[in-house]
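Letters are used for the chains, namely A, B, C and D, taken in the order the chains are written, and counting of residues starts over at 1 for each.
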Amino acid sequence: MKLEALRQKVWEINVALPKTGLVMWTSGNASGRDPETNLVVIKPSGVSFDDMTPEDLVVVDLDGNVVEGSLRPSVDTGSHLYVYRHRDDIHGIVHTHSRFATTFAIRGEPIPVHTTTAAALFGGVIPVSDFATIGEEDIGRQIVEKIGGGQVILMRNHGVFTVGKDLGEALKNAVYVEETAEVVYYARLLGPVDTLSDKDIRDAREMYLTSYGQK
Amino acid sequence: MKLEALRQKVWEINVALPKTGLVMWTSGNASGRDPETNLVVIKPSGVSFDDMTPEDLVVVDLDGNVVEGSLRPSVDTGSHLYVYRHRDDIHGIVHTHSRFATTFAIRGEPIPVHTTTAAALFGGVIPVSDFATIGEEDIGRQIVEKIGGGQVILMRNHGVFTVGKDLGEALKNAVYVEETAEVVYYARLLGPVDTLSDKDIRDAREMYLTSYGQK
Amino acid sequence: MKLEALRQKVWEINVALPKTGLVMWTSGNASGRDPETNLVVIKPSGVSFDDMTPEDLVVVDLDGNVVEGSLRPSVDTGSHLYVYRHRDDIHGIVHTHSRFATTFAIRGEPIPVHTTTAAALFGGVIPVSDFATIGEEDIGRQIVEKIGGGQVILMRNHGVFTVGKDLGEALKNAVYVEETAEVVYYARLLGPVDTLSDKDIRDAREMYLTSYGQK
Amino acid sequence: MKLEALRQKVWEINVALPKTGLVMWTSGNASGRDPETNLVVIKPSGVSFDDMTPEDLVVVDLDGNVVEGSLRPSVDTGSHLYVYRHRDDIHGIVHTHSRFATTFAIRGEPIPVHTTTAAALFGGVIPVSDFATIGEEDIGRQIVEKIGGGQVILMRNHGVFTVGKDLGEALKNAVYVEETAEVVYYARLLGPVDTLSDKDIRDAREMYLTSYGQK
């Protein structure tokens, strides 16, 4: 992928975040990695999504050296890079403070599988990290250590990180984890509620991977 | 109804779904049946509502053979067709994961009649299905078996299906079941709450069928 | 007030209702009374707010005779007229199923004064009616009997009616009762909560009537 | 800062309030102080945000004398001025009735630090005032007395006031306190929940003050 195409894509996904209601003001961020050069394009720190142009995005290499851009990159950059260095299969990361995912992150409770949608999209429980300090690589280490085979992790007392083979998949995960967290939250407020069986989870995941969408 | 008019109508109702807040991303779908030819127009699988054109919709016969369209139809197509084959009076089906209806579907609890609106529109309790596997006809069988005399059914751990004599009626039911589920949810969170009496339900339903709207 | 100006005003307030989130689809309605002729302009029954033109509104006299308009008036018309006949000071009525007001209506619980806003705007507890049948004048009788010195009443298992010296005031009441119901609902879900003292309610109401707004 | 530039800024922030969902109808207000002349620009009383032009704003001196403008200033003007007179470091004040902040204000409960965002932005617990009468300076006295080293205070049974070194900062605080209140509310409804440690709060605050955003 050409760097300029990636820059455009990362910009589009960053500005899509407030429109989906997943972030507000300057919170949250998205980054993407070029699979050929391993260069990473990421949101600048503390900049409003509305004001941000594609040129404001920062390009860094996997060691955090700024390759292009005059703004400071997100304070989460070290953690994004830690994930990219340890997971060759990941080329997009989205971070939000979406409300119901953050509710579970505050409580330190994973989100079990209560819907066919969550079974199809996530294939299992959404895990929650230990508390991690913002800045440096602490969050990144938690992601790599605790995300397991999935693509979503609740960051304790903070928010949610989603990953994907590309940035579009990471955004899709960010949208669906919030919807999932919201309905599970509502359901549990009325009292204990059963989860799907392991077989039903596997069937829904298999259906999603083999039959859903276009070839 | 000419097939092209039906295709346009099914497209309009599909793209109306995200605007009403009932669906997001690629979840949910709507289909309509031509009463003369029994051809069914349905959403393609896994396609975003924003990107979908009327030409992207898929036309199938009641046995599931694709008559027009180059995309794969919804994974729920077999279930829509099962309903159409077993219920001559139904010509439109809407499926959503709207949040409060899904909350009751997760809990496996039917929605009793707590408002004059629900009494008028639905005439009784909204039932909930057994768990059904996505793909093939399992969901369709649950709809036919459990929907009774009504037009709405909560699909266990999944979402909600609504039907109608035409697709507009199915959409109206999808909108009102979500509003109903939301206020009943809020009311019940504060503690037990009485339902309407059978007589009050009958009166409201009768008023709706005989006096409401334009002749 | 000229009848055409009233027609325009009633149309504007009706189409404002879905934009405020207080109503959806064809639910709810607004009417206004001309203080000179006692003619009442009201929403037609079962018509979508989006599709409604000023010409679609129906003009009736206080006995319910249609003076202008080819559509059937709202099924609540008899109740609006009952209120206008019994309360010379009321020239506007708004009816919605707004979610949190309806939540209290389902529970049959009045809304006590927990905020300075509610004290200023309403001056006391929002009462709740007995169950009333839709159609004829049953709802109107409940309004006149139970609304007391206020301008808002929860209609049991149904929704909310607000009145005003003109239709703008009735709309303002419909907007603020929903905001009030929402925050009181949230506060009470966490446990019992104190109300304002009678003195604090009187002070806030007095401030609102004498100092708030423009002369 | 030239007075006309301040007037434009105060107008922009006032009209931004309903767009962020923090206020509705005529509730809430924002003011800004010119650091050179100590003149204060504030919203007129009871005027809809949609209808308000920059010329409708009222300019007052610190004693409350109207310097420019033909409309009556907000009933909260005396309290804004009280804050400006007692706190030289404050040049912007925002007041809203945002729903979840108001929920805690109704309950009279401060908002503890449950998220890294609240730790970074607020650096500690959001305090709640005693009940204050609207009009005159009662609210202002509560703000000065109870806000401590922070920039946000819940006004008991009323709403929330935020301050800043400029009006932009006060708006940012108004947006983030509502997001914070909402997620803390959701988390606590499911049961007791731990707060961040003092060290984690200090670290997040330090990160925010030294590393976040652009130089």
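Convention: a residue touches a chain if its C-beta (ideal position, glycine included) is under 8 Å from a C-beta of that chain, and two chains touch if they have at least 3 such contacts.
Keep in mind it's a predicted model, so treat the numbers as computed, not measured.
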Copy pair chain A, chain B: interface residue numbering same or different (half cut): different
Rotation, 0 to 180 degrees and nearest 5, that superposes chain B on copy chain C via CA atoms: 90
Chain centre separation in whole Å, for chain D relative to chain C (CA means): 32
Whole-Å gap separating chain A and chain C, where each centre is the average of the chain's CA atoms: 45
Shared-contact residues (touching 2 or more other chains) in chain A: 189
For the chain A and chain D complex, residues of the former touching the latter: 24-27, 44-47, 71-72, 75, 97, 99-100, 102-103, 106-108, 131, 133-135, 157-159, 185, 188-189
Chain B residues within the chain C interface of the complex: 114-117, 120, 172, 175-176, 179, 182-184, 186-187, 189-191, 193-194, 196, 200, 203-204, 207, 211-215
